[in-house]
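Both complexes below contain chain A, partnered by chain B and then by chain C.
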Partner chain A sequence: MIAGRRLDTLRSNLLLTVVCLVWVVPLVWALGTSVRAPGEPVGTGFLWLPGRPSLANFAEAWSAAPFVTYYLNTIVICGGILAVQLFTITLAGYAFARVPFPGRELLFSLFILQLMLPLTVLAVPNFLTMRDLHLINTKLAIMLPYMASGFGVFLMRQAFRSVPLELEEAGRLDGCQWWQVLWHVYLPLTRPALVAFGLVSVTFHWNDFLWPLLVTNTPNARPLTVGLASFALAGENGAQFPLIMAGTLLVMAPLLLGFFLFQRQFVSSFIRSGIR
Partner chain B sequence: MQLELPATSLPSAGLQSLRFRVTAGRFAYGLLLILPSLVFLLPFTVWPAIKVVVSSLFLADIAHPQPSFIGLGNFAAEFGNEVFWQVMRNTVLFAGFTVPLSIGLALLLAVEVNKKLRLVGVFRTALFYPTILPTVGAAAIWLFVYAPGLGLADRFLGLFGSYDHNWLGDPALVLPALMVMMIWKQTGYFMVFYLAGLQGLPQEVFEAAALDGARGWRMLRSLTIPLLSGTTVFVSTIALIDSFQTVDQLFILTQGGPNNASNLLLFWLYQEGFRNFNFGRASAVTVIMMALLLAVSLVNYRQLDRAAHYES
Partner chain C sequence: MARVVLDRVTKKFGEVAAVNDVSLTVFDREFLVLVGPSGCGKSTILRLVAGLEDVSSGEIRVGDGLVNDVAPKDRDIAMVFQNYALYPHMSVFDNLAFSLKLRRVPKQQIRQRVQQTAATLGLEGLLERKPKQLSGGQRQRVALGRAIVREPQVFLMDEPLSNLDAQLRVQTRAELIKLHRRLEATVIYVTHDQVEAMTMGSRIAVMRDGVLQQMDTPTGLYDRPANMFVAGFIGSPSMNFLSGRLERHNGSLQVTAGDLVLDLPPERAAGADSANTQEVVVGVRPEDVQPAASLVPNGHRPINASVDVVEHMGNEKFVYLSLANASLVARIDVSCPASAGENLPVVVDAGKIHLFHPATEEAIF
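And now, the complex of A and B:
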C-alpha cells in the first residue's frame, strides 16, 4: 500500500514535470531570447540561452515604438472602465438582489444577453455607432461598450444575496438611507467579489485586442496589445526576434508579475469568471 | 346596502392606490439603480444586437454607400461563397479538436495537481499562467516557436532528424499549429474549474473506492469523470464559446492564410467588414455567429437550470 502510493507519487511528479516543462519553455525561451546581446545569433549557446545577458533589446524596443503612449493608454482604459463598472455593477447588483420591483426578471435577462453575446461579436454594429458618434480614434470609444458588465452584475447579485437581510434591516432601523446601507453594510461584506471582478476586468481589458484595433487608427489612442501587434508584424521579416520578444515581455510584464505575486487571488477570481 | 358601499370601498380604494404608489415607487427605485448600467447596456449590447439583424438584410458595400433592402441576399451570398464554407469547416475543426483535447487534458492534470505533492504550487502556476497572457503577446511568442528552422518546434523535432517545417505557411500544418497554441493557452484555465470541482467532492467516496482496490484509470473512469459531469458541461460551454471567438492570434500568426487554410469565423467577419468594406455581409456573418453563440448558451443555461434543481 505504502510502496504503491510512493510509486504513484513518483509517477505524478514525473508526468507533471514533463507537461509543465512544455508549458513553461515558450516563456523561458522568449525571456532568454529577449536578453540576448545584439549581434549574438539566435539559437546558439547552451539550451539556446544567451551567453552574456543584456537589456539592450528592451531599450531598443522601448524607443522603437511609442510604448510610453501605449502604456498610458492601456492604464487609462483599464482604470476608466473599472471605475465606471464598479459603480454600475454595485447599484444594479443591489437592485437585482434586494429590491423587488416589477419587470426585474425582464431587465435581468438583458444583462444575461451580454453574457451570451460578447462584445467582440457585436464589433460591426458597434463600430458603426462609434463612427456615427465621431468617436473613432478615442479611448472613450474603446471604453464605452464595456462600462456595463453582465458578468459583474451577475457576480454582485450573488454576493449581495449572501449578505444576511437582518443586517440591512438593522441599518434601516438605525435610520440609514439605502446608499448608506449599501456603503456601510453591503460593500464591506462583498469586497472579495469586487476584488475578484476587478482583477478579471483589468486582465481582460489589458489583453483585449480586436475592439481597440477596430476603433483606432493612430498610436494616440491605441493600447499596448494593438501597438505590440504592429510592432511584431513590422519586425517579423527581418528575423528581429530578440527585439519582438523584448517588446512582448514589456507588454505582458505587469500582469505576469501580478500573477506571480498574487497567484491564489488570480486563480480564485478567474474561477468566478466562468459565468457566461 | 347603498350606504355601506362607499363606507367599505373607501378604505379599499385607498389601499389600492397606496399599493399602486408603493409599486410605482419600487419600480422607480429599482430602475434608478439599474439606470447607470442601462445607459451603456442598451446602446452597446441590446441595440446593436437588433440593429445588426436589420442591417444584415441590406446591401451595404463600398459600391452602395446608401444601403438598400435585399432580403436574405447577404446570407445567400455567404452561403454561395466557397470561402465561407472553408471558414465554417475550419471553425468546426478547430473547436472539434481544441475543446475535447484541452478539457480532457485539463481533467487529467487537475487530478494530478489535486494530489499532495511537494511542488504542487509550482505545477499549478506553470499550467495556469498562459491564461493571463494577452493572446497577441502569446501569439508573438508562438510566431517565434513556429519560425521555420529557427524556432523551438523545429529545433525540438531536429533532435529526431526531422527539420525545417513551414508550420504557418503549409495549409496542412497551419490549423494544427494554431490548435496546439490554443490548447496551451486554455488548458490551465479549464484545469482550475476541475480542481475546484474535485475539491468539492466527498473524499470518503474515493477512499472507499481505493480500499476496494480501484486505482488510476478505473477510478478516473468510473468515479471521477461521472462525479464531475456538471463541471464538464460548464467547462465545455466556456471552451466552445471561446473557441468560436478565436481571432487575436490570427492577426499575428497567419492572417487566416495560407489560402484561408486557417481562417476562422470571427476573422472572416472582420475581413468582410473591415477589409472588403462590405458591412451588409459582415452583418450577416455576425447574425450567424450570434445564432451559434446563443444556441450554445441556451443549451448550457438549461443544463445549469437542471443542475440548480438538482442541488436544491
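And now, the complex of A and C:
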C-alpha cells in the first residue's frame, strides 16, 4: 500500500522533472549565451557556460536600441489595456451574470464566440479601422482592439454567478445601489478571478508581437517585443546570439521577476478562479 | 414602527401565480407569522414586501406610503435571510456597520450603535471575527444584529431558525419573542414549521398554493379552522378526518361516520342544518378521542377500535387506532393502558368535532 503510493509519487516527480526541464532549458541556454564575452564565438568551448562570463552584451543591447522607450511603451500599453479591461469585463460580466434582459443568453453566446476567433483573422479589418481613425503608429492603436475581452467577460460572469444571490439582496436591503453592490460585495469576493485575469492579460500583451508590429512603424510607439525584433534583425554580419539573448532577457526580466516574487499568490488565484 | 398592508397582491412567474390575490394587514408592532408548506408563496410575499420582487398587480403599503415602486433600500425594511447572507469578506463589526456606513451615519455613532446591538445579542467578543469563524448560532445572531442595528420600521424574517439544531432553535425562538417585545417592532416571519408559528405569532396567516387560507390568532386557528387544509396543517398530530353523513334521528341531528355515531348538541345542530348537505367530513382533534373508561358523558357511545401503534412522548402518548373502515389518532394520558394489538374502546367528544363540506372543504363549523 505505502510502497505503491511511494511509487506513484516517484512517477509523478519524474514526469514533473522532465516537463520542468523542457521549460527551463531554453531559459538557461539564453542566460548562458547572454553572458558570453563579445569576442567569444557561441560554438566554442562549453555550450552552456562561457569561459569568461561578462555583462557587456547587456550594456551593448541596452545602448544599441531605445529600450527605455520600449519599456515605457509596453508598460503603458499593458497597464492601459488592463485598466480598461477590468472596467469593461466587470460591468459586462455582472450584466450577464445578474441583470436579466431580453436576448441576454444570445448576446453572451456571441461573446463566447469571440473566444474562438484567432486574433490574426481580425488583423486586417482592425488595421483598416485604425487607419480610418488615423491612429496608425500610436499606442492607442495597439490597445484599442483589446479593451473588451470575451475571455474576461466569461470569467467574471462565472465568478459573479458563484456569489450567492442573497448577498446581493442583503446589500440592496442594506442600502446599496447596484454599483455599490458590485463594489462592496461582488468585487471583494471575486478578487482571485480579477487577479488571474490580470496576469493572463499582462502576460499576453507584454508578449504580443504581430499586432503591434502591424500598426507601428517608428520606435516611438513600439513595445519591447517589436523593438527586440528590429534590434535582432539590425545586425549586418549574421545573428549576434549573445547580444540577442541579452536583449531577450531584458524584455522578459520584469515578467520573470514578477512571477518569482508572487508565485504563491498567482497559483492560488488561478486555482481559485478555475483557470489552470 | 409601522403597519404593512397588502391589498389584492398577485405575483406571477410566467403563467404561475406564486401569490394569488392576497390581502392582509400586519398591525403596528405585531408579530405576524406566514406559514404553509414549501411552495405556498409565503417567501414570495416576504420578497414582495422587501422589494426584491415586483408585484404583478395589487398594492403594498408600509407605514402610510405606497411602496410598489420604491427601491428596497428606501423602504426602511430589514430582512433576515434563511442562510443569513453575511458578507463573508467583512468582519462581524463591518457586517453590522455596513448599512449605517452606506447611510453616511457619523463614525462615532456607528461604533456606538454596533456595540449596543452586539451587547443586546451577546456578540461583543466576536466583532473582529469573520463569518466563517462563527458557529451557526452566532451567525444567526449576527444576521439578526444586522437587521436590528438599522432600527427599521419592519423586520422580515425568512425561516431564520431552520439552519439551527433542534435545541438551539427552541432557545432562539424564545429569545426572538423577547427581542420582539423589547424592540416593539413590526415583524413578518415566514416558516413552514407550525410549532414555530403557534408559539411565536401574535397572529398567523396560513398560505397554500399562493392563496391566503385563513388569518387568525393561534387559538383561533386551532379552534375554528376555516377549512380542512388549515385544520390539518395546524396541530400535531394532525386532525383526524372521517367521511360521514348528517341524519335526523328522533328530532336531534346525528353524525354517522362508520361505527362512530354522534348526537350533535343543539347549539351546533343549527349550524349544520344551514350547510344544506348530507355528506360531510368529520374532523376530530386527537385529544378529543379518549379511552371510553376515562370519559363517560351521556350520549357518547363508545366505539371499538384496535391499537396499531403507540408513540410514547413522555408526558402523553399518541395512539394510532383502526376502526371498522377508518383510522384515528388519539392523544391520551400516559397512564392510560394501551398497547399495540389490543382492543381499546374510545369515545369522541361530540361538542368539539368539526364538520367540513366534502366538496368545497370549507368548514361548516
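As a convention for this text, the second predicted complex is superposed on the first by the 228 of 276 C-alpha atoms of A that agree within 3 Å, B and C clash if a C-alpha of one lies under 4 Å from a C-alpha of the other, contacts with A are read in each partner's own complex, and residues count from 1 in each chain.
The criterion applied here is as follows: a residue touches a chain if its C-beta (ideal position, glycine included) is under 8 Å from a C-beta of that chain, and two chains touch if they have at least 3 such contacts.
This is a predicted model, so every value here is computed, not measured.
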| item | value |
| --- | --- |
| Chain B versus chain C as contact partner of A:A141, first or second or both or neither | neither |
| Which superposed partner A:A196 touches (first chain B, second chain C, both, neither) | neither |
| Touched partner set for A:L167, first chain B, second chain C, both or neither | second |
| First (chain B), second (chain C), both or neither touched by A:L228 | first |
| Partner chain(s) touched by A:M245 [first = chain B, second = chain C, both, neither] | first |
| Which of chain B and chain C A:P125 touches, first, second, both or neither | first |
| Comparison of chain B and chain C by chain A residues contacted | B |
| Which superposed partner A:M156 touches (first chain B, second chain C, both, neither) | neither |
| Touching partner for A:L82 - first (chain B), second (chain C), both, neither | neither |
| Which of chain B and chain C A:V35 touches, first, second, both or neither | neither |
| Chain A positions touched by chain B in one structure and by chain C in the second | none |
| Chain C contact footprint on chain A (complex, rising order) | 164, 166-167, 169-177, 180, 184-185, 188-189 |
| Sites on chain C touched by chain A in the complex | 50-52, 71-73, 77-79, 81, 83, 85, 87-89, 98-99, 102-103, 146, 150 |
| In the complex, chain B residues that touch chain A | 23, 26-27, 29-31, 33-34, 36-49, 51-52, 55, 109, 112-113, 115, 117, 119, 121-137, 140-145, 147, 150, 152, 155, 184, 188-189, 192-193, 196, 215, 234-235, 237-238, 241, 245, 247-248, 251-252, 266, 269-270, 273-274, 279, 282-283, 286, 289-290, 293-294, 297, 300 |
| Chain A residues touching chain B - in the complex, by the definition given at the top | 4, 8-9, 12-13, 15-16, 19-20, 22-27, 29-30, 33, 42-43, 48, 84, 87-89, 91-92, 94-96, 99-104, 107, 110-111, 113-129, 144-150, 153, 178, 203, 206-207, 209-210, 213-214, 224-225, 228-229, 232-233, 236, 239, 241, 244-245, 247-248, 251-252, 255-256, 259-260, 263, 266-267, 270-271, 274, 276 |
